[in-house]
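Think of it as A, B, C and D in the order they're written, each chain with its own count starting at 1.
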Amino acid sequence: MNQPVELQPDETFVLNVGPQHPATHGVLRVKMEMNGEYIVHAETVVGYIHRMHEKMGEVKPYPQFLMNLSRLDYLGAMGYSHCHALCVEKAAGIEVPKRAEYIRVLMVELNRVSSHLVWLGAFIMDLGGFTPLLYTFQAREHILDMMERITGARLTYCYIRFGGVSRDIDDQFIQSARDFMPYMRKELIKYHKLITGNIIFKKRMVGMGHISPEMCRKYGASSGVARGAGINFDVRRNEPYSVYPELEFEVPVYDGCDNMSRYMVRMEEIEQSLRIVEHALDQLPDGPVMPKKAPKIIKPPAGDYYQATETARGTFGVRLVSDGSQTPYRMKLRSPTYSNMHLFDEACRGLMIMDAMAMMGTLDLVIPEIDR
Amino acid sequence: MILTLTILLAVIIAIAWAAFNAAYLVLAERRGAGVIQRRPGPNINGPFGLLQPPLDGIKLMAKQLIIPAGADRFMYISAPVLVMCPAIMSFVALPYSDWLQAQNIDVGLLMVFAFASMGTMGTIFAGWSSHNKYSLMAAMRSVSQAVAYEIPMILTALTITLMAGTTNLNAIVAQQSENFFHWNIFPLFGETHNILMPFSFLIFFICSMAETNRAPFDLGEAEGELVAGFHIEYGSMGFGLFFMGEYANIVIGATLATIFFLGGWSCPFGLFPGVWWFLIKLYAIIFTIIWIRWTFPRTTIYGLLNLSWKILIPASLVNLLLTAGLMKVF
Amino acid sequence: MIREKLKQALEHLFPAGEAVPPAIVAEGEEPAEKTPREAVIETDYATCGYHLDIKTPPEQLIEVVSLIDQNDFFIESITGVDWIEEGEIEVVYDFSRYDFDLCRVVVRTRTDRDNAALPTITGVYAGANWHERETAEFFGINFIGHPHLVNLLLPEDSDIHPLRKDFKP
Amino acid sequence: MINYFREIFSGLWSLFVGMKVTFIEAFSPKVTVHYPYETLKMCDAYRGHIELIENEEGEPNCVCCMSCVRACPSGCISLTGEKPEGGKKKVLTSYHLDFTRCSLCSACVEACNFNAIEHSKEYNLASRNKEDFHFDLLARLRERNQ
């Protein structure tokens, strides 16, 4: 509906969005070549907080690398530790007690809810509405309090160990998690009233920021970006791991390919995560949370192992190349936002800057996770 | 001589009132945001945080005014003045009751609008002279926005002038003074019964929000994409003047809405008219504006222009036409 | 089954390399001495986490990747492994599928350590751009034909290759 | 034409629905804690920096087995111990924690088999001076006992 006028090659100018910019949620820089308010060409520059986690993985023994995984993504740290633990357990053949696996899934899903809540608030803040951020933080605070009581930290949990988890959950946690469900559902209705129905919001979301399924495939997008493009893909169900086959949940898919679809996918994911938590609480088996003989020294046999999981931001993968020693030979961390962000360069072409910023918000960026 | 002194005093009081309002509305906004977001807001400095605005002012004045390299110095320095001065000047013509007014001007309405549109000049000066692409884009947005919203706003004001037959703000209020049903927003009785007036009020309200760059129309300072918009390069009191100018403009917009539609200082029941009624109405409107700001996300620039050119301008034109027709008929 | 289909198509592509039986490396067993340059190996998903392991020479890389692209796979990641003892760098391409016909494909290709160069696959998968840039800066591989091969995560002016095993900070 | 008006009115209505939500929230109680004036108690599992645990005599439980030093991913613990004349067990002579590098991962506490270290509940740890984060835990223990 809005078409830029034809321009001469020397009529564009370059706008540096970032490295410090309110919409980039961290140190990310986008070099935008602009025609007035229209983006002609964008180049994303990442790497400002690159910490070389992969090299750290090569020089540290397996258990010492555990805590690095929490530092990848400060909002959904649990999912990343989970993936790493699953990969190493698969390689080293460590059995995980059923209860521990359930607790992991519980925590991962709660973490997913809290991560999506931050995304929601920050995304609306990109659009200029400040208040929803504080409402979502109120709800998130309940989750963080719950998880802090068990894991001992609010963001960098470092809770999952090879073979189990570091600490069992107690009745108080179960009770507070159960109490949280109806509260969160009520909050979700509030968000839908305040945000989803709003005409200004709808005008900015529906039909804006087109990302096609083909583009998703070429760039390897996952999570809400792919599911918002009508791709019915969720590692939790397509490639079941952990105890997800035993739990009931649906994968929300919208095929609008626009901002609204991606937004709705994430909103429904919150509901589905609540459902998983409820179900996992019902089915929670008794037993230990660490195997009887948890191995102190982990030496996976030589080989190449891969494990993918669905974290809050999409498909996270760990490739582990072992040479049979105590330290990995190579530890590749495939981060989901990396692929999702890569797509931005192509997808934002021809958009106005404010629509591009809205689209960037729907990609659910966490910069340390791109940079690793 | 005495007359001149009286006028001078009145003007000084008007300016003080404008500055006071601008400063304390910042506090009111922050406290209001706190209430909506279930947190206290600034409450440390003084009782209820009442010392916050003067302390903020001292802090801003104590800061160095940094002029970026490559900036047009003259325009850069004059821009905040150009934003704040017209806003304060408008206060001279605004009546608060039948006697409380700096100067009763027969073309008060015209004067207020003339000064209000001058504020855009300051915005574009700031955006252009800052030597920053963000601020330039913001300035361009502000101008297109001001052009788009001035038209429906003035058309609505024209409707009021048509009904009142005068541009004297006092006279406009005087016509609505009897009771609630004589106000222009619900003119069921009196000479001007016009069922379209609630829509006029809505148009005027939206336009005054857009004119003053208020959320959800704050595209000139959209922090999500343009960081801080036209005042991105301003620090210290230069920034403070922009800030105060914005709030002074809000007061002007709300004052005009009160005068045009809500009967100014007249009481809803025709009893004890006075300045307090005016202030109650004024601040009710201002708080609604604050409430709106902390509820909605920002519109897009084309959404904003579409709203103006496709909805508000046709609506206000139709409104003007029908009002003229109704006045002819009755 | 996409796995069978892809496997057949790939075996067609490598007429020289005979199909190798599924190589499930049992615990304690020594891995094969000399891995063939080109092979399609069906691996055990439960132990490794992927289904097909394709070894290809660099010359045939684009052909293999195009074939995978035609079968609607999405690119998951590209990375390298520095086999310093063999004097080679292995570049690993991961592909997977969006539908329920689960098939993870790993494409491996090797290049000389000292003069590492490989053809780019950005022409096939646009999303390989960043992955290749990352691999290039970490391992010092020249992706021939890459449109914009500058450092991505490392500082723009650095010329270190930190994931090489002989890297000393 | 009808759609034009319907869109305007449904849009306006949605704005009022949103305003109602914030209006209700405005009359709900505050949820924040006014930090420097009120503080919350840290929960039991909270992981602060590590602290030595003392036995009944006020001496540290540590037997200098060095397992915490080995377990630490960042190498931020350094300790020395010596065997006193005629004594059987090693006695801790110094225990330094470089908190600038600690990532609070709890590996050292889990590695300890002698119940010698625990996490403190301290979180007010901001300083402009790097030296403030080189903790001498043994000195802190003695200080606590006095």
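Throughout what follows, contacts are C-beta pairs under 8 Å (C-beta built on N, C-alpha and C of every residue); 3 or more make two chains touch, one makes a residue touch a chain.
Bear in mind the structure is a predicted one, so any value in this text is a computation, not a measurement.
Student: Of the pairs A-C and B-D, which shows more C-beta pairs in contact?
Tutor: Most contacts of the two pairs: A-C.
Student: Centroid from C-alpha atoms only, then distance chain C to chain D, rounded to Å. What do you get?
Tutor: 42
Student: Express in whole angstrom the distance between the two chain centres, defined as the mean CA positions of chain B and chain C.
Tutor: 64
Student: Could you tell me the distance, in whole angstrom, between the mean C-alpha positions of chain A and chain C?
Tutor: Result: the chain centres lie 26 Å from each other.
Student: In whole angstrom, how far does the Cα centroid of chain B sit from the Cα centroid of chain D?
Tutor: Using C-alpha averages as centres, the distance is 49 Å.
Student: Counting only residues that touch at least two other chains, what does the list for chain A look like?
Tutor: Residues 131, 135, 138, 194-195, 198, 200 of chain A each touch two or more of the other chains.
Student: I need the residues of chain B touching at least two other chains; which ones are they?
Tutor: 36-39, 294-296
Student: List, in ascending order, every residue of chain D touching at least 2 other chains.
Tutor: 15, 18, 21-22, 25, 31
Student: Line, ring, star, complete or other: which one describes how these chains touch?
Tutor: Other.
Student: Pull out all the chain pairs that touch, please.
Tutor: Those chain pairs which touch are A-B, A-C, A-D, B-D.
Student: If we count contacts the way the header does, which residues on chain A are in touch with chain C in the complex?
Tutor: So the residues of chain A in touch with chain C come to 46-47, 50, 52, 54-55, 58, 87, 90, 93, 216-221, 226, 231-233, 238-239, 301-308, 315, 317, 319, 321, 329-330, 332, 334, 338-339, 342-343, 346, 371-372.
Student: For the complex, give me every residue of chain B touching chain A.
Tutor: Listed in rising order, the residues of chain B that touch chain A are 33, 36-39, 133-134, 137, 215-216, 218, 222-227, 294-303.
Student: Within the complex, which stretch of chain D touches chain A?
Tutor: Those residues of chain D that touch chain A are 10-12, 14-15, 17-18, 20-22, 25, 31, 43-47, 71-73, 103-107, 110, 119.
Student: Over in the complex, which chain B residues touch chain D? Could you list them?
Tutor: Residues 35-40, 291-292, 294-296, 311.
Student: What does chain D use to touch chain B in their complex?
Tutor: 8, 15, 18-19, 21-23, 25-26, 28-32, 34
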